[in-house]
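Next up, some structures in structure tokens.
In the two complexes that follow, chain A is the common piece, with chain B as its partner first and chain C second.
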Partner chain A sequence: MMKPQNEFNFTFYLLIVPVLLWLIFMIVIPHAELLISSFLVENDDGEMVVSFANYIEFFSQKIYWLTFVKTAAYSIGVTLLAFIIAFPIAFYLTKVTTRKNAAFLMVLLLIPLWVGELVTVYGWMVLLGDNGVINHFLMTIGIINEPLNMLYTNFSLVIGLLYMSMLFMVIPVMSTLQSLDDSLIEAACDLGASKWDIFTKIIIPYSMPGITSGAIIVFMLVIGDYLAPNLLGGKNSLWFTEQIYNSFLQTFNWNEGAAFGFLLLLLSSGIIWLALKVSGQKLEKVGT
Partner chain B sequence: MIRSLPSSTLYRATYRAYVLLFFAFLLMPLVAISVLAFNDSDFISLPWNGFTLDWFFSATDERYGLFADEELLTSIYTSLSTGFFVAVLSTLVGTLAALLFEEEQFRLKGLLYFLALAPLVIPGVILGISILLTATAAGNHIEESFGLDVELFRPSYWLVILGQFSFAATYVMLLVTARLKKFDRTLEEAALSLKATRLEAIGYVTIPFLRPAIIGAFVVAFILSFSNINTTIFLIGSDPTLPIDLYSRIRFSSTPVLNAVSFMVVLVISVLAITNLFTNRSKP
Partner chain C sequence: MAKILEIKNLSKHFDDFTAVKNVDFSVEEGGFFSILGSSGCGKTTLLRIIAGFLQESEGEVIIRGQSMKGIPPEKRPVNIVFQNLALFPMMNVRENIAFGLKRQKLKAADINFKISEMLERVGLNGFEKKKVTDLSGGQRQRVAIARSLVMNPSILLLDEPLGALDRKLREHMKVELKLLQKEIGTTFVYITHDQSEALVMSDQVAVMHDGQFEQIDTPRNLYKNPKTSFVAGFVGDTNRFELQSTGEGAMITRGGWELKRPELNTSPEVLYIRPEAFILNPDNTINDVEQFEVTIKTILFDGSNTKLSTQVSGSSEELLISLPQNAQFDGIVEGHTLKIGVHRDDVKCF
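Moving on, here comes the complex of A and B:
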């Protein structure tokens, strides 16, 4: 098909110019600036000089790197838990229940997802507090006499992190399970395979792309989360994003905050890169 | 274990109980805040003291309801208008990006596509601080060179919009791309061979086909903006969005008006989710 060359170019530029503006000014330059800022330190004369001091500070202060390691470990743990909790639900919605039921349950899934994290975290504060709904209920029916200390602990932290992330595991797993042909499972069953065998040898391997996408999204949300650690976690459950927040908005040491931010970015992209390599998936698939 | 296969009663009962438990867990916080929004008490806790609408309408000194609270109404308005601009901007750029990556071939396409997907794997906090650093550096530079103080380069309303746009556009692009993959390219080619320009072909053939996805993406971008806090918290100026306002209230001065606001959010979102169910059903 022949087209006038200049007209083709016009459309092409119409498409590419806004996209380039977005990617260069909102993604590339800010992250370059983040990296550069992290190597700058103000010297005694008030001038900015290049130095590794921000990174040295991170490795010399135990609290920083301990928080860093804890954040990484908890994020991996929560991702695993989210998989264990969410997988049976995704399977139920796609393969077990009727389509009508599934559509109704999907609405119930979408509501907490769309309501946003702040409202749901607040809901957990109301539920878990010392005078909260759960303690009130347990004391009224006489199971306990003293309120249980649940809020501001690692327990409430994990609940909050799981709650805001696990639905992002359900949805990608559902979309891969939808394309799994039921007759594969029927055939395995006719040939006498046990439920466990069917799950571990057919269903899980088949839904691996969905699981990887879900795991990456969950991990990313959890490691970068600020609200759940800040509002539900206790004084001892520091999260690395809180260190970044403190450097930026409390001590106003932006260059140190930039170094922390860059370390968090390295950590999250490193683990995601590893997950993609191990599972043989591509980043392009994660979003779909 | 699946619809077509029989399984034992015990297996089915256990599975159902698990699903029930899961949904109870899911809805518990939303139900709790909604119910407590109507509790006639000055504290956000049980016991139940009777039904009241004070936390919505009252305007006395002790009880300051949602619709009497200027500050809260202003932050809701800020969130709505921010969400609108973010949705417009990211729907526009995200749709263009989807068309670009699906229909055009050019050098460095792979690299650009990778960059467009990057916001999926960049924590929101990092986007927030890096945009803050860049805007401040640019603002300082302009002030030193030209003596101008540009609001966009300080934490402000417009900087929040730009910051939220930077990741919302990625989600729009993915939603529109998913629909574009189902598009029959021969339709566009037919338009071209009937002497339409390429721009006309996109405008009259491709865009109408994409319309449902574009509308859906607009709503998603709006919701992303409306509930965002991780990126917004670093870019906010003097006018807080609703989540920022609620966040500072939760930390410093909780009253049941927080429940009233949360209830309204849950209500609006539930209506949206149910509408979504019925519109999806009416289409095959």
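Moving on, here comes the complex of A and C:
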């Protein structure tokens, strides 16, 4: 007969195997491969040598780091916009409407996810194009004579990114708001707080863990997105993921692409770390 | 003394039922007023109307002579201690207490002074920086009370704040709350379903039933002289008997127990006798004492609360009788018969 100690060990190993397999094959090995190839450069003799040249390339060529700065800035902006739009929705669904209505509205919110990003992006192209639904409608009722240039601009880019990522802000914020006891709001009111005080001093601080986890997800999704910038952004709104794509598939410089990929990972992680520091949140508390 | 809170003919209707019916009372300044009732009797609704979270359907709430009609909760001179305390979990003890003061735009020095004074008063010195989630039940209680009291309200409303505490701590907090109220002199309006809390702490208790006040009285009077059948049955332990008929100068219960009542001129339907009203082995010479025999069925030992479960001889009625834990009654065993007396004034008929 097995001792209880052994039994525990057996279960422990049985459960840790899938986790380790996932980590090693899905995360560690591909990234290690990328990391190694990012430090390799082809020399004049066609041999691969170890070098920092790929990373130096990023910092020495203005176009690369400017694209990155723009991508990061837009991602932060989209994250903020997602919060501004998602918070009232989450608040309405958890605190204002009935449970039954909330469930129905939640399904409506989820529908774009079922359709998939590519289809919704094309949907926005149909809506925003020069001959699209919105321009057609505005011209028909006579508000404008010339079609508005909306598609292939930063405007359409932001709309597409927002539409794709907004739900990932709504859900974590909803889950923290659900645990917010209404009596906290009443207590604040009883202690003389105005509506604005209640919002800024009670509701927002209380839902901060949800907002933070929502913000991390949205930021990561947006900064790493390829479809929306490529299809809705047009020529003038180059996204950093497009640079990576170009390195891999247009200039066939896989080593440079790998270096750019790593830089994206490091820099976006750095931005999140900085944001957590500034807002005083702790990663282990996020989402609880 | 001046009346600090007056409730005039207050009613509250919800869609299909009336939670509060024509309630009318007043509370004197510096008093400890309790509203006692089982859950669903409308006491929380009444409290929320006084606090301003609910709008009354009819009637009026007057605080310090001023009608509260249309005044929102944040502008009323009352503060509330919630049932679940509603401490702000993201703030520490100090920030919780400072919350209301900061809304009043007081100077930082004033806020600091008031907070340290209040912490001193509730015995939480040195807890300023502690997170409220790290406190014990009793400490959280005190923070919630301090947070409301620091606002210096005309009336402090307490919504069953001891409900979540365990028994020992609740007993302790009862005494502590009473002493605190005496010391600071703020008017407390306390709602509870626990009669012991109401009786121990209050100057006046209102017993609420089905949205109405049955009786407003001192705890002692509520216990000794209940005005309605509901109060007699609700407050304190009691023996309840339904009466079958009232014959010539006597009352006969359903179970066939006959009690003499020579002066009786009404026809009551039910009578109540408290377990401790019975006299064991009464002297034959005392006046106005109804005497009878009971058979002891079981002794329900519970320390100072020990009771005898007995059956009245010659009837099927069962009686609970308090048994003082002193040497005099050590000889009482199950199965024996015992002579019992009860003073006529202790038999409450309705």
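Please note the rule applied: the second predicted complex is superposed on the first by the 258 of 288 C-alpha atoms of A that agree within 3 Å, B and C clash if a C-alpha of one lies under 4 Å from a C-alpha of the other, contacts with A are read in each partner's own complex, and residues count from 1 in each chain.
Convention: a contact is a pair of C-beta atoms (placed from the backbone, for glycine too) under 8 Å apart; a residue touches a chain by one contact, two chains touch by 3 or more.
Only a predicted model underlies this, so the values are computations on that prediction, with no experimental measurement involved.
Student: Does chain B (first) or chain C (second) touch A:Gly77, or do both, or does neither?
Tutor: Neither chain B nor chain C is touched by A:Gly77.
Student: Looking at the overlay, does A:Gly234 come into contact with chain B only (first), chain C only (second), both, or neither?
Tutor: Touch status of A:Gly234: no partner.
Student: I'd like to know which partner A:Gly116 touches here: chain B for first, chain C for second, both or neither.
Tutor: First partner only, chain B.
Student: Using the superposition described at the top, determine whether chain B or chain C touches more residues of chain A.
Tutor: Greater contact footprint in residues on chain A: B.
Student: Determine, under the contact definition given at the top, whether A:Ile202 touches first (chain B), second (chain C), both, or neither.
Tutor: After superposition on chain A, A:Ile202 lies in contact with chain C alone.
Student: Counting only touches as set out at the top, which of chain B and chain C does A:Pro147 meet: first, second, both, neither?
Tutor: Neither partner.
Student: Considering only touches as defined above, state whether A:Val28 meets chain B (first), chain C (second), both or neither.
Tutor: Only chain B is touched by A:Val28; chain C is not.
Student: Counting only touches as set out at the top, which of chain B and chain C does A:Leu191 meet: first, second, both, neither?
Tutor: A:Leu191 contacts chain C only, not chain B.
Student: May I ask you to decide whether A:Ile16 touches chain B, chain C, both, or neither, giving the answer as first, second, both or neither?
Tutor: Touch status of A:Ile16: first partner only.
Student: Could you tell me which stretches of chain A are touched by chain B in one complex and by chain C in the other?
Tutor: 186, 189
Student: Under the touch definition given earlier, write down the residues of chain A that touch chain C in their complex.
Tutor: Checking each residue of chain A against chain C gives 181, 183-184, 186-194, 197, 201-202, 205-206, 208.
Student: Considering only the defined contacts, which chain C positions touch chain A in the complex?
Tutor: 51, 53, 72-75, 78-80, 82-84, 86, 88-91, 99-100, 103-104, 147-148, 151
Student: For the complex, give me every residue of chain A touching chain B.
Tutor: 1, 3, 7-8, 10-12, 14-16, 18-20, 22-23, 26-31, 33-34, 37, 85, 88-89, 92, 95-96, 98, 103-112, 114-120, 122-127, 129, 131-133, 136-137, 163, 182, 185-186, 189, 195, 198, 216-217, 220, 223-227, 231, 241, 244-245, 248-249, 254, 257-258, 261, 264-265, 268-269, 272, 283-284, 286-288
Student: In their complex, what parts of chain B are in touch with chain A?
Tutor: 1-5, 11, 15, 18-19, 22-23, 25-30, 32-33, 36, 43-47, 92-93, 96-97, 99-100, 104, 106, 112-127, 129-134, 137, 162, 165-166, 169-171, 174, 177-178, 189, 192-193, 197-199, 202, 223, 226-230, 233-234, 243, 246-247, 250-251, 258-259, 262, 265-266, 269-270, 272-274, 276-277, 280-281
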